[in-house]
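Each structure below appears as structure tokens.
Shared between the two complexes below is chain A, which pairs with chain B and chain C, respectively.
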Partner chain A sequence: MLAVDVVKRGGERPSESFERIKLERSIRAALLSVRTPDGQAEDTARRVTDIVEQWLAEHSEVTSYDIRLRASGALEQLHPDAAYLYKHHKVIM
Partner chain B sequence: MAKKSLFDYDLIVIGSGAGGSAAATIAAREGRKVAIIESDTFGGDSPNWSDIPQSALSHAAHLYYEARHGARFGLRTLTIGYNYPSLRAWKNIAIERTGTANNRKFYESHGIDAYVGHAHFLSPNEISVNRRHLSATSYLIATGSHWETPSIPGLADVEYLTPRTLLEELRPPKSLYVVGGGTVGVEIAEIMAIFGTKVYIAEAAGRILPEEDEEIGQLMERYLQERRGITSLTQTRTTAVVKDGLGVRITYSRGGVEKSVRVDKVVIATERVPSVDLGLENASVEYTPAGITVNDALQTTAHHIYAAGDVLGKARSTHTALLESRVAVHNILHKKATSPDYTATPRITFTSPAIATVGLNEDDCLRRDLKVDVALAPLNIVARSNTSDFRDGFVKIVADKKGIILGATIVAPDAAEMIGELALAVKYGLTANQVATTPHAFLSWSEAIRVAAGKLA
Partner chain C sequence: MNTLTLLATIGLAALIHASFQLSVSMLTILSGHALGSKTSHKRTISLASSFTLGAMAMTILLLSFGAYLAANLFGSSIRPLVWAVVCGLMLGIGLAVWVFYYRRTHGTSLWIPRSMARFLMDRSKATKHSAEAFSLGLTSVAGEILFIIAPLAASALCLVLLPAPYQIAGILIYTVIASLPLFIVVLLVGGGHSLSHIQRWREDNRRFLQFIAGSALFVLGFFLYVNAVVAPSIIARGVTL
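Here is the complex of A and B:
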């Protein structure tokens, strides 16, 4: 697991550790909401999370907004409709 | 009673290179509480990894070249050679002697708190450095730039070099393929070629040094081919890189024809991109991949955050970053804002001959539809050309119809030193006649400036 602290929305403290599964689940939910087949949603969510994790590897502390931006940016390339929903959905983590 | 600050510092400078160091020391001298953050080596790229080490190696390389070719002056230099580990040791001495390389203690001695790590904005006034939270009233972002890896198939699977890592190699490679024929690509290509490396420069544009006037690219291409044995592959797109034994095989497309070459190493010197991955969104600082957006006062879209140096994505030179650093800190510390004046900022390519330009070049004037007069004085018309046995190069001056000098280009052995006079002319609006009637020392290269200016007077 990546040792990255995530500062929550609105600057809530203390920050919490990054959890891959939470991110992957939120992306998958966005994909399923736009009627993406289950298998494709799982695969896309995994790929997007991998990209975000790659970015996180160079950071020790980020905000949940950073993660949302990176995830929606990566999702935009793979599934623009789901990315729109993900970007504008307030509660993601 | 003085109001207690809500923040840890008055100013946090992110990046200790030329864009950050001047601002940090000026603010500290003016009694502000300052912190500086560095994610790599204190002092930044210029003294540690680019300008200084490259210049030190370049000086040695040109001495070596001149000595080897001294027979025409009656020198016996057939047995001259070099020891690359000693050259590297010399390069390291030059780095240490600058005083700015790896200079964390310098900041601490000035009362500046120095932190090592990546800075990441958590909110407009707070950053995280290795999970340590620091806050400041004002910020200066001077994170510089880094070499961008182009998307060439197979490149990620081979060990490629950048100009920075090339200078750290234990010995010069036998053959080298440089992707990018801009200033740095040409400079490192020349150094390596002098030390015996067979060099190929691949440039997508129609000439090497595409930012300069056409005749410069053409002259340098010919000169590097004839004198250094460098093959310039212009209008060339590198299409694939594959490992081939201990080296790499490069496939490139030139004029629609695909060819390949096997080399020991490949260097990526195409483009430097601003280093903007520091959570700028959390501080409402607008940016693009081309750099941070600032106004004339170098203020970002967050009013308490300024930016200077390569991270702005404009001209990339240490002297420009220093200028911006001073302007930014002035604007942070004082109410009356100033702007950096770039009109007379010289641009130098440290080859031999060197290339120095200032102000507008002929192409700039054409693009702006400016009516100008242009005069060119080849170096071989001045006496120094005879005594130094050097004939390639010229001085070119661009002036408006009133004779006011707008810009100049010099290709000469001492071009970097010569351009100062014309920078002064551009900055203060001197006429070609004023320059031409100023005495220029006989047997100096600067006589060519007088001759070129005289043609416009």
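Here is the complex of A and C:
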């Protein structure tokens, strides 16, 4: 596991360590929301998380917004539809 | 106003109600989260349908309550002053829709306070049972009462003026038209369409919907003012055109 502190959005909640599984799960959920087949969703989520982890390796502290931005950027290349939903899910309502 | 005009007025008021987006936003989040957590297709449709039924139930309740209140307070002949108040409400809310129905950010962020939006979003995501989805549907309509009160009030007054058998028809017309966007989302989700396409369409057309909703409130307010406030006073004074 990477030793990276994640500062939560708005600083309202305490920082926490980066957890790969949480990021992978959220990306997979976005992929499944746009009806991506299970296997492809697993594979794409893993690849996107790998890309984010490579970027995280160069940092000791990031915000959750930074992670979301990096992940949606990487997802955009692999699955634009899911990337759109992943990026915008907080501004639907 | 004759029966046809009253029913048409109810229809237009329902279209205005339909252009408000809180229920659609919540249904989009509910469906998206159900799909994202590998809920079966049948279960997802069941949740979305329960949500829609809840929204319809609250619409019927609010409209019936409004009509009941109007009938008890004003009887079957509604004074021009009451119509004038409702018309003023429509113009005021029309302006409010134009100015701040959507937030000035990207996406389809609505006017509702962010803490309330977060709560509704969390509830939508946590919904697992049809009963929860139903109550969420009820909440989605009640949560937008500040805006839907104008078309609801106008429709309630029109209902009071309708002959009894048409009152039920009026309530049904209003409810079905006001819930049309929800039916469409349920059908699209059921038909396998991508939620991102639905959300993209909503985002691309949000300014248009906002403009249409505000303008329609102005048009309906003006129409009712002329028909229910100005015309009766002209007739009462015996002025012929």
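One rule holds in what follows: the second predicted complex is superposed on the first by the 89 of 93 C-alpha atoms of A that agree within 3 Å, B and C clash if a C-alpha of one lies under 4 Å from a C-alpha of the other, contacts with A are read in each partner's own complex, and residues count from 1 in each chain.
Methods note: a contact is a pair of C-beta atoms (placed from the backbone, for glycine too) under 8 Å apart; a residue touches a chain by one contact, two chains touch by 3 or more.
What you see is a predicted model, and the numbers here were worked out from it, not measured in a lab.
S.K.: Report clash or fit for the pair chain B and chain C bound to chain A in the combined superposed model.
M.R.: fit
S.K.: Determine, under the contact definition given at the top, whether A:51 touches first (chain B), second (chain C), both, or neither.
M.R.: A:51 sits against neither chain B nor chain C.
S.K.: On chain A, which partner touches more residues: chain B or chain C?
M.R.: Higher number of touched chain A residues: C.
S.K.: With both complexes superposed on chain A, which partner does A:29 reach: first (chain B), second (chain C), both or neither?
M.R.: A:29 sits against chain C, while chain B stays out of touch.
S.K.: Is A:63 in contact with chain B, with chain C, with both, or with neither (first, second, both, neither)?
M.R.: first
S.K.: Put simply, what angle do chain B and chain C open at chain A, by C-alpha centres, to the nearest 10°?
M.R.: Reported to the nearest 10, the angle reads 120 degrees.
S.K.: Tell me which partner A:84 touches in the superposition: chain B (first), chain C (second), both or neither.
M.R.: So A:84 only meets chain C here.
S.K.: Considering only touches as defined above, state whether A:5 meets chain B (first), chain C (second), both or neither.
M.R.: It touches chain B, and chain C stays clear.
S.K.: Can you work out, in whole Å, how close the C-alpha atoms of chain B and chain C get once everything is superposed?
M.R.: 14
S.K.: Per the definitions at the top, what is the overlap between the chain A residues touching chain B and those touching chain C?
M.R.: Looking at chain A, the two contact sets are disjoint.
S.K.: Which part of chain B faces chain A closely enough to touch in the complex?
M.R.: Result: residues 117-118, 120, 122-123, 128, 130-131, 277, 279, 281-282 of chain B touch chain A.
S.K.: Residue numbers of chain C touching chain A in their complex, please.
M.R.: 22, 25-26, 28-29, 32-33, 35-38, 105-110, 112, 117, 120-121, 192, 194-197, 199-200, 203
S.K.: Which bits of chain A are touching chain B when the two form their complex?
M.R.: Where chain A meets chain B, its residues are 5, 7, 11, 55, 58-63, 65-66, 69.
S.K.: Which part of chain A faces chain C closely enough to touch in the complex?
M.R.: 28-30, 32-35, 38, 81-82, 84-85, 88-93
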